[in-house]
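First subunit A sits with subunit B, and in the next complex the same chain sits with subunit C.
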Partner chain A sequence: MLHPLKTFSRGGIHPAYNKFSADRPIEYGTVPERLLIAVNQHIGRPLEVLVKKGEEVTRGSLLAKSSGFVSSNLHAPAAGKVEKITRFPQLGGQIGETIIIKTENPGQSLKEILDSETPQSLRLDALEKEEILKKINEAGLVGMGGAGFPTHVKLSPPQEKPIDHLLINGAECEPYITCDHRLMLERSAELTRGMLILQKLFGGVPVTIGIEDNKPDAVKAMGEALAGKRGLSVAALETKYPQGGEKQLIKAILNREVPSAGLPMDVGVIVQNVATTLAVYEALVYNRPLMERALTVSGNLIKNPGNILLPIGTPVSFIMNRFEIDAARVRLLLSGGPMMGRASFSFESPLTKTSSALLFFDGDYVHRRRENPCIRCGSCIDACPMGLPVAQLTESIKGNLIAAHAKGDIMDCIECGSCTYVCPADRRLVQWMRVGKSIIRREN
Partner chain B sequence: MPENRPVFVDSSPLGRAGESTRKIMYTVSLTLVPALGVSVWMFGFEALRVLLLAAVFCVGIEFAAFRFSSFKIDSLDGSALLTGILLAMNLPANAPWWLILVGSLVAVGLGKLVFGGLGQNIFNPALVARVFLLISFPVQMTSWLKPGAVDGSTGATPLGILKTEGAGALAQTDLLHLAVGQMGGSLGEVSAIALLLGAAWLFYKKYITWEIPVTFMGAVLVFSGIFYLINPAQYASPLFHLFTGGVMLGALYMATDMVTSPLTFKGKLIFGIGCGFFTALIRLFGAYPEGVSFAILFMNAFVPLLDRYFPDKKFGVLKNE
Partner chain C sequence: MYEILIPGLVLSGFALVLSGGLLYASKKFYVYEDPRIDAIEALLPAANCGGCGLAGCRAFAEQAVKKESLDVICPVADAAAMSAVAKVLGIEASGADKNVATLMCHGTHENSKEALEYAGIEDCWAAMLVTDSVKACAFSCLGLASCVRACRFDAMKIENGIVVIDEEKCTGCGLCVPACPKTLLHMRPQTSEVVVCCFNTERGADARKVCRVACIGCMKCQKTCAHDAIHVNNFLAAIDYGKCTNCYECVDVCPTDSIQIKGKEVYVASA
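Take a look at the complex of A and B:
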């Protein structure tokens, strides 16, 4: 790289990246015997379930319909019969309404299914903006990096917020996770077309994909794929967590600071995840709703970590079988990365649209020390990418004495976890910040 | 459906950087070994005796407090040990055992536990004890063993000579000797170079940052330098001030104490400048020959205000409210 690497300026940490599965191509998964499809996998209004027990569904049937603008459709990833609709533990611990489908062809390879679906010819210049948004909406796309915010909503900023730059988030700054890395390597051409579709949506604004420099092959592959495409570019980023935080990514690539309590569109930017951008491409070119996703399966308990494409609704136990993980040794099951992911208690919980990784750890990885007094070392503040006075804020939250001027700060926390990661006193800082947020939300 | 078995459920982040309070406290203690080594070399067994007594008393007092109170105190977290070592570094090598005991009681009890224990105290415990002893037992606290004196003869510190006899009396003092540590003083005041060596490791480990030491020493140099320029016959040179007394120990170890120094960048700068300014002020015009302890304790009191009114820049906030 001739150019200095771009990065956000303040805070950040360097956890052990442990990207064991970086050189493992994405395998095609198979259809499990049962799919357990959580009804609400997105942020927004709850869905309206359309199917009943005993009903036959085919691949792509609408299972539940969005009930408003900020909501997102849900489709059946494989043909089968609705066995029941029940409340079931989800990844992340909550219990949620779940549609259980007994599949018609268990064991069928996703490759076979995907190969049978033919692309339509897509004339980019003939596409209308409304049509693009409509297709994205119908396909039930949500942010696949973990947030689960409906994509069509994110792509419809109000008139008074003009967008002049789009960013694709290929930072993948969480340890262990490599699925976006693989997508950028293996599907750079399709990703490029997804970027062109998004570019079209905003009248040809520049689109930049930001990639951390611990993935030089992805930087190269995307650079080659984007060569000669007007307005499309790659930005190599310093490897530093949380480089892929939306606000940090915008600061790193465009040197714009999203104002406190603001959104990226306040500085004329929209950020999309790599997997979501590919899903946009598939929604338009294949008319394919969001029904499967690539995820990383890794952790310190696994001999052959990998990346795999699986239908949404696949239970964890199915993946454990495939990757030969001994359930008796698992002490910690994480969905998402170790910095922001969630720990789960059930091996039957199913994948959702936002599950970017499943990580399996033994007891050694579990951190179980009690909170000690704050020694005012300042590490949390140095690590905080938002520049918050974390030590004082959390102290006030613990005492339930949140000062009026501190509320904005607490709400600005991006819950990246850097503070807890560095604290020598084992204080659960981001956890207290979350408590603070909910106290403030309740007051309002 | 196979039965779910218990797994640990916790909220993210699940990994940790691997720092701990113990690690920090013991590392800081270890970096004081070179300076302590010089003290022992200078003052012999006496220095070792003061050091051991102070360490044992401080840890013991914390342990007793833990046993006889409902507080949760980890008396082996290293903080009491560090307080003990720092207290010893603030005592003369011929301090009697009861002086050390009183000092430890004041440091751990009054300096730390009454505020609520580790992390809650406003003032640096070791300095609270030093000042308490200095005011209560001025005789014992100002009889300094002469370095290398096997016969136990005592003498004044260079700063004491400066205060009582004026700059002229220091004409033969060699700066290099001062830097290496051949002078009278408390255990921790003798060798600037050994202290810098230990502190270098702390910088490397990022347990201390440059702001406070640099502004502290800088302010001492500037303020004493101004008067030196005005009248070099009456005032000692700024380098003399830098290498004598507690400036090195104060700037590198006492003022940078995490618990009692500011958290914000600007706060640290102001804190350091304040410490240096008041040190110079007391040395030049005060009743005491040495002003480091008073200056740091005085600035300790401002730490909450500095943190509050000089916050760091937040992301997405243009002007701090």
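Take a look at the complex of A and C:
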């Protein structure tokens, strides 16, 4: 190849991408009868609930307030009445505090709601940095790629860590998921404005959007949208999982390596997801808190997979009705992609700010294999994008004998699942790594 | 022909000089150690389990001799062994009851239905990273045997989805208590036989929905108890073992059978 595509240097895998919904435009969803809004959808301090049972709420009213800096507000996506506040199973298996709202106008299209909200004129050069951050904080933005880290915190690095490059993560390396792909195609102009806002925040540093080359139309659309914008560029990346991992993306585009136990800001970079960047745009131009998100609904059980915009708090069962999924046939419900997504056990669990996909699989597709002994083949070590000796680390975790020098290695695991994917002995390597991380966190 | 005696004499000479050195060193650097420490250590179970809170059986013996008391009791040794230890120290052994580990749950497969099919690592802590519960009740025993692996005395096993504790084999060392991520294992005096086998603090209706034998916080036991030994807090009954007299009144009135009698089970060794 004359111009090899950019990629990260070690490890990585090529799973079947199965992007069945790549050519399906994002539909507008409707408001369900009940919204179940999980109180804690972010990483950080738990929220303080402001509403009580029986209270009337309108679209955009604050349901729960952040209780510290690393925290994120929560707003009502539709008008209604608080029915109760209870513990409820969430996507991802936890059981958490949930505000249940009986909506006023069930069946109302989101298009109708969004069209009624008018943008305000925004002059970028007149915007103060503090004002942008304040609006992002108030809008309750979190990283929508899956981690749920409060965006305003990520965008406020300490003084001693100067930022010289912003990256927008449009890699979307997880199989099945196509919602970011569609956002880049359909809303490239707004995304560009979002990138300009972020650029303004850091005094005009270059902003690059990284897109895997299995989405040539998105690379083209973003290239056209960014043409002539100073400092904004597109980087086409090799299609390899986990290209969209923060550290991998930085390595691929800028050839900088985030140090062990470090953050991207240690190498002068901040990475934001495509959907988050769009939410930044909406927070500033529409004064709109994060109340709905685009997600992919796919899996082998669905005849017509698609992408849909839905209010946060929509229960899975509502989506199953819309996509005509037979609950009796679902053997596995995944929230997120098949590599890093979490299995869920309740069809009533609601969408959160971080649900990028819902995948439905039946028994033909789910194989339950026994965990076999390690055969010392080293495939996991070759596949690890962080270059970790996975086989040795997991054995030490299993024996509860984590050597002091291995703790840093274990904490560096990004839980991408490449090792488990390649393991011929079907070992639950990522889960062991997560056990190790939890042991180390408990010790500290 | 006497040459053969020369090496013999030389070696004997070396032996004499060196043994003299050893004799001198043993007198010079002699540390007095109470012989009772060895005597006590010999009486202890030598499990080195740390159940007493000390580093092992030797540490226990050293502390007992140093303090000339048995304020720390070896939870593993039986009463006879402890009175022998007390005899070495020249004191009376206190008559503390043996404690046993108790599971505050009866969420067997029949009582609390499986909420999902768990296919991950067979370990409670690992499962807790993926889901808050594998059963309908989020407070229930996961049945993935983290405590069984922590037990050094083969006193625990998983049966029908929950942990079953053999109170004869249980030594009360308490190693299993921190091994439970759901904090369902508690120590109770073996002579107290009444146990509330539930840890669900949800409202009665919600608790009943997820488990047939859940404590629903109906207060019947609290009203019935003549000894002020059972109290309902947060929709969950709890027994004060200092006051419980094993009258079984609460067991009889409990509408969901979540209060059970323990320690009367018959254990049959599997062949």
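Quick notes on this structure:
Note that in this section the second predicted complex is superposed on the first by the 441 of 444 C-alpha atoms of A that agree within 3 Å, B and C clash if a C-alpha of one lies under 4 Å from a C-alpha of the other, contacts with A are read in each partner's own complex, and residues count from 1 in each chain.
We adopt the following convention: contacts are C-beta pairs under 8 Å (C-beta built on N, C-alpha and C of every residue); 3 or more make two chains touch, one makes a residue touch a chain.
Just so it is clear, the model here is predicted, and its values are computed rather than measured.
Of the two partner chains placed around the shared chain by superposition, subunit B and subunit C are both touched by A:A343.
In the superposed model, A:W432 lies in contact with subunit C only, and not with subunit B. After overlaying the two complexes on the shared chain, residue contacts for A:C374 are found with subunit B alone; subunit C is out of touch.
Once the two complexes are overlaid on the shared chain, A:V57 sits clear of subunit B and of subunit C alike. When both complexes are overlaid on chain A, the residue A:I95 reaches subunit C alone and has no touch with subunit B.
In the superposed model, A:P15 makes contact with subunit B only, not with subunit C.
Shared contact residues of subunit A with subunit B and subunit C: 89, 93, 342-343, 345-346, 368, 428, 431, 434.
Residues of subunit B that touch subunit A in their complex: 1-2, 4-17, 19-21, 23-24, 74, 77, 79, 117-120, 207, 258-261, 263-264, 307, 311-318, 321. Of all the residues in subunit A, the ones that touch subunit B in their complex are 10, 13, 15-16, 89, 93, 175, 247, 251, 257-262, 317, 327-328, 330-334, 336-348, 361, 363, 365-369, 372-379, 381, 385-389, 391-392, 405, 409, 412, 417-418, 420-426, 428, 430-431, 434. Residues of subunit C that touch subunit A in their complex: 115-117, 119-121, 123, 125-126, 129-133, 138, 202. Residues 87, 89, 93-95, 342-343, 345-346, 368, 371, 428, 431-432, 434-435, 438-439 of subunit A are the ones touching subunit C in the complex.
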